[in-house]
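Letters A, B and C name the chains as they come in the text, with residue numbers starting at 1 for each one.
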Amino acid sequence: MEFTVQQVADLLQGKVEGDNTIKVSTLAKIEEAKQGALAFLSNTKYEPFLYNTQASAVIVAHNLELKQPVTAALIRVEDPYTSFSTLLQYYQTAVIASKAGAEEPCFIGQGSVVGDNYYRGAFSYIGANCKIGENVKIFPQVYIGDNVTIGDNTTIFAGVKLYTNTVVGNNCTIHSGAVLGSDGFGWAPQADGTYKAVPQIGNVVLEDDISIGANTTIDCATMGSTIIRKGSKIDNLVQIAHNVEIGQHTVVASQTGISGSTKIGNNCVIAGQVGIVGHITIADKTTIGAQSGVSKSVKESGNIIQGSPAFDYKQNLRAMTVFRKLPELQRELELLKEKV
Amino acid sequence: MEFTVQQVADLLQGKVEGDNTIKVSTLAKIEEAKQGALAFLSNTKYEPFLYNTQASAVIVAHNLELKQPVTAALIRVEDPYTSFSTLLQYYQTAVIASKAGAEEPCFIGQGSVVGDNYYRGAFSYIGANCKIGENVKIFPQVYIGDNVTIGDNTTIFAGVKLYTNTVVGNNCTIHSGAVLGSDGFGWAPQADGTYKAVPQIGNVVLEDDISIGANTTIDCATMGSTIIRKGSKIDNLVQIAHNVEIGQHTVVASQTGISGSTKIGNNCVIAGQVGIVGHITIADKTTIGAQSGVSKSVKESGNIIQGSPAFDYKQNLRAMTVFRKLPELQRELELLKEKV
Amino acid sequence: MEFTVQQVADLLQGKVEGDNTIKVSTLAKIEEAKQGALAFLSNTKYEPFLYNTQASAVIVAHNLELKQPVTAALIRVEDPYTSFSTLLQYYQTAVIASKAGAEEPCFIGQGSVVGDNYYRGAFSYIGANCKIGENVKIFPQVYIGDNVTIGDNTTIFAGVKLYTNTVVGNNCTIHSGAVLGSDGFGWAPQADGTYKAVPQIGNVVLEDDISIGANTTIDCATMGSTIIRKGSKIDNLVQIAHNVEIGQHTVVASQTGISGSTKIGNNCVIAGQVGIVGHITIADKTTIGAQSGVSKSVKESGNIIQGSPAFDYKQNLRAMTVFRKLPELQRELELLKEKV
């Protein structure tokens, strides 16, 4: 996509200084921008970059007074940071929105219904009896099993796999390689040392405004649903086991694993590589530090925990400080024993 | 799939109480069941749910005496729990078994042979010279490289990737996104600081009755085979490196990583997010706690270990208890030093 | 692929002893080799295997004196180990090189250019305006978004997903299920407890000679590029967040996660299951032990760190040694307190 500086200025209700026919095709930081890029200057700390940037155009404030000549075209606006954020959003949305229609070959099973304004990439597969909303983008090589429901304005990137009966809400984004609905890991030990599969016939439900990261796995419930509630954001390579429930507006960072039947509250922040055991409850607004191992329920909301096993964040920090000095502590104890 | 209550009762050799023409299409817990669902009542603790469940039908014991009127149809059987488990198994198997034939387009290379009663989903790929057994279900977008062998009654879900020469036994299940046979991570450091690839020409062998979780990765051996033995169950996002051998009936939970050439015994239980270094041996019936880091061989069978690095589970628990109190310990030592 | 012993001997400039028409089709260790395999004997410790191996042929040194009769054909060379390594390399390259042409169906978008001597597997997808170099192997079900650039001699295995604008250099290998260019995990918390997506419009750049493991995820930069520099090797299931930069010839083992905007130096060795926080810098030649959690920058090069949080490797080892004895330490302190 290429735009003239004037087109960008019109969009931002800004005023051009310099050549308004210059074309820009990407967005960049002022200190890294190359020809063809549009940058912005908000923090005056970065003003020196303005005078030697290779950017083709720069968004600046109405009231900025130039101290040296500038080769880039300028777009004068009220608040350069907000204007640039608007462009970023616009750019990202435009890239996805430009996808439309059904590329061939793609597969659609009997009884499935797809809403208006969809995109279905080549080699994508939609099973039987699916209901897919409006303005849904299904990228190439996506697999959608039978009886899947997908809401409006949802984007499913290349190679996502949704097992039979999965439910996805409105305004969701699922990144490549994510798997929703694989069997929960339920094995009944037998007397002879072998294992018998516990049938897993439930599904996965994503409510609205959910984001699922690349190669994340969410198992179906044994019965009922594994549920991610409205507005929660899950990063890459996260494992969510059968019958887990994650509350609203909770953020789970990469490589974290949540074991079966655990319930996570609303507005929690769970850092990367955390492990949480099964069948516990985490209260609302809990923050869990990176690499923590949570072995029991967190009952009061608003706590910060850390460590493996995890306990109060500050206590853990103090214990870790002493941990590093353990050899000295041991020596001091030995000396003391000799003295006494 | 929809069944009448009478059809279900016939299957379970049970007796209907109420309207035997009511239709059920799913299975649910009695406390969560909605219209159209079939539930069961085994533990009398749940009996109060029976009198206001929305389930269309409930499986109950022959000898259950009703204390209030029930709107759901009842199916009377000897042992409701066993009957319900039978239905769960039946339901899950039926969903997969209903898949049959070859959807188009799918790709099959020269010299490959597929047994009877198969399912091959659209956009699935079978390379050259493969031998695929009877009653094998290959879901859409599966990749099977050249010279791959797959036994009878095995199910391979959407998007699984099996590299060239992989061997999969009978009655195996491989979940979406799992990768078997990618190159082992072998790099010979060179004098100039660069790395040269150690060729990885071996394969991956799954014996019978194996389950592999979603997005799990199993590297091929440098030479010979990376082997998972009969009956073992591997969860999601597990990493199994080149030349690893996992014994029979061993369970490995999510996000665990096993480094190159390590041999795991039979009937081990390995919890989630465990890391095991390369070139060691873990004895039969070893249990390894979550997030443990195993840095040396476990020689005697039947032990439970925990921690990073891992040692005896109980010792680790005791040490962790003191760890939390380290700041106090340090203070007490300081006080004592002053006194002496 | 099948070769006569004479063909192999010619390739290695060796001399055949025995039947030079015998055919070999695989390579194996002398202690594991079966009929049809070619093995080698370098370390004389393994010489006893030579006299009862089932291998069809064995590469041995010119000066080896046989102590018993051998049934396998022998290929005499100067240095059996080097000769065998040459064959391994040759074998692995040959398997990939044998793939050629475009299998159907595959998808290629408008304006995309593919160099000579390519392989494009069935169900692979190349978007619009891509530039793909010479001798590139694109396996089945690969997804390549719009505006992607791929250098010469690069191999992309089945099911890899490259988002729009990804740049891959020469001589790279990307294993199945890897995802490059998914959105960075950037969420701006709003006053009402919800999150707003920070647009992620950058890309991923792999320089030359990079290897990416199976199911690894590399997010695109918010703006600019997430970069892996020349010669670095990334294992399976690794997470690399937005705007991360990994230097040259750095090795990252499985299941490690690197958070946003962190810069890793050249020639580092990062073990498995390591977590590194965002916005820090790791100096050249740093070694990080398995399961470490790195919470601050490493400023001097050449250090070895370990632990969560990580500090000097030897100090950590000493502290861990005392950690195991904490219960005893506590008892001794109690005894001492009583005495004083």
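Definition applied: a contact is a pair of C-beta atoms (placed from the backbone, for glycine too) under 8 Å apart; a residue touches a chain by one contact, two chains touch by 3 or more.
Predicted model only: the values in this text are computed from it and were never measured.
Taken chain by chain, the contacts link every pair, so each chain touches all the others.
Shared numbers divided by all numbers used gives the overlap of an interface; between subunit A and subunit B this overlap falls below half, so the copies present different residues. Inter-chain centre distance (subunit A to subunit B, centres taken as mean C-alpha positions): 26 Å. Residue numbers of subunit B whose C-beta contacts span two or more other chains: 105, 123, 141, 159, 177, 215, 237, 255, 273, 291, 308, 323, 325-326, 329, 333, 336, 340. Subunit C contributes residues 105, 107, 123, 125, 141, 143, 145, 159, 161, 163-164, 177, 179, 182-183, 185, 187, 193-195, 197-201, 215, 217, 219, 223-224, 237, 239, 241, 255, 257, 259, 273, 275, 277, 291, 293, 308-309, 311, 315, 318-319, 321-323, 325-326, 329, 332-333, 336, 339-340 to its touches with subunit A in the complex.
The touching residues of subunit C, when paired with subunit B in their complex, are 26-29, 32, 85, 88-89, 91-92, 95, 103, 105, 121-123, 139-141, 157-159, 173, 175-177, 209, 211, 213-215, 231, 233, 235-237, 249, 251, 253-255, 266-267, 272-273, 290-291, 308, 320, 323-327, 329-330, 333, 336-337, 340.
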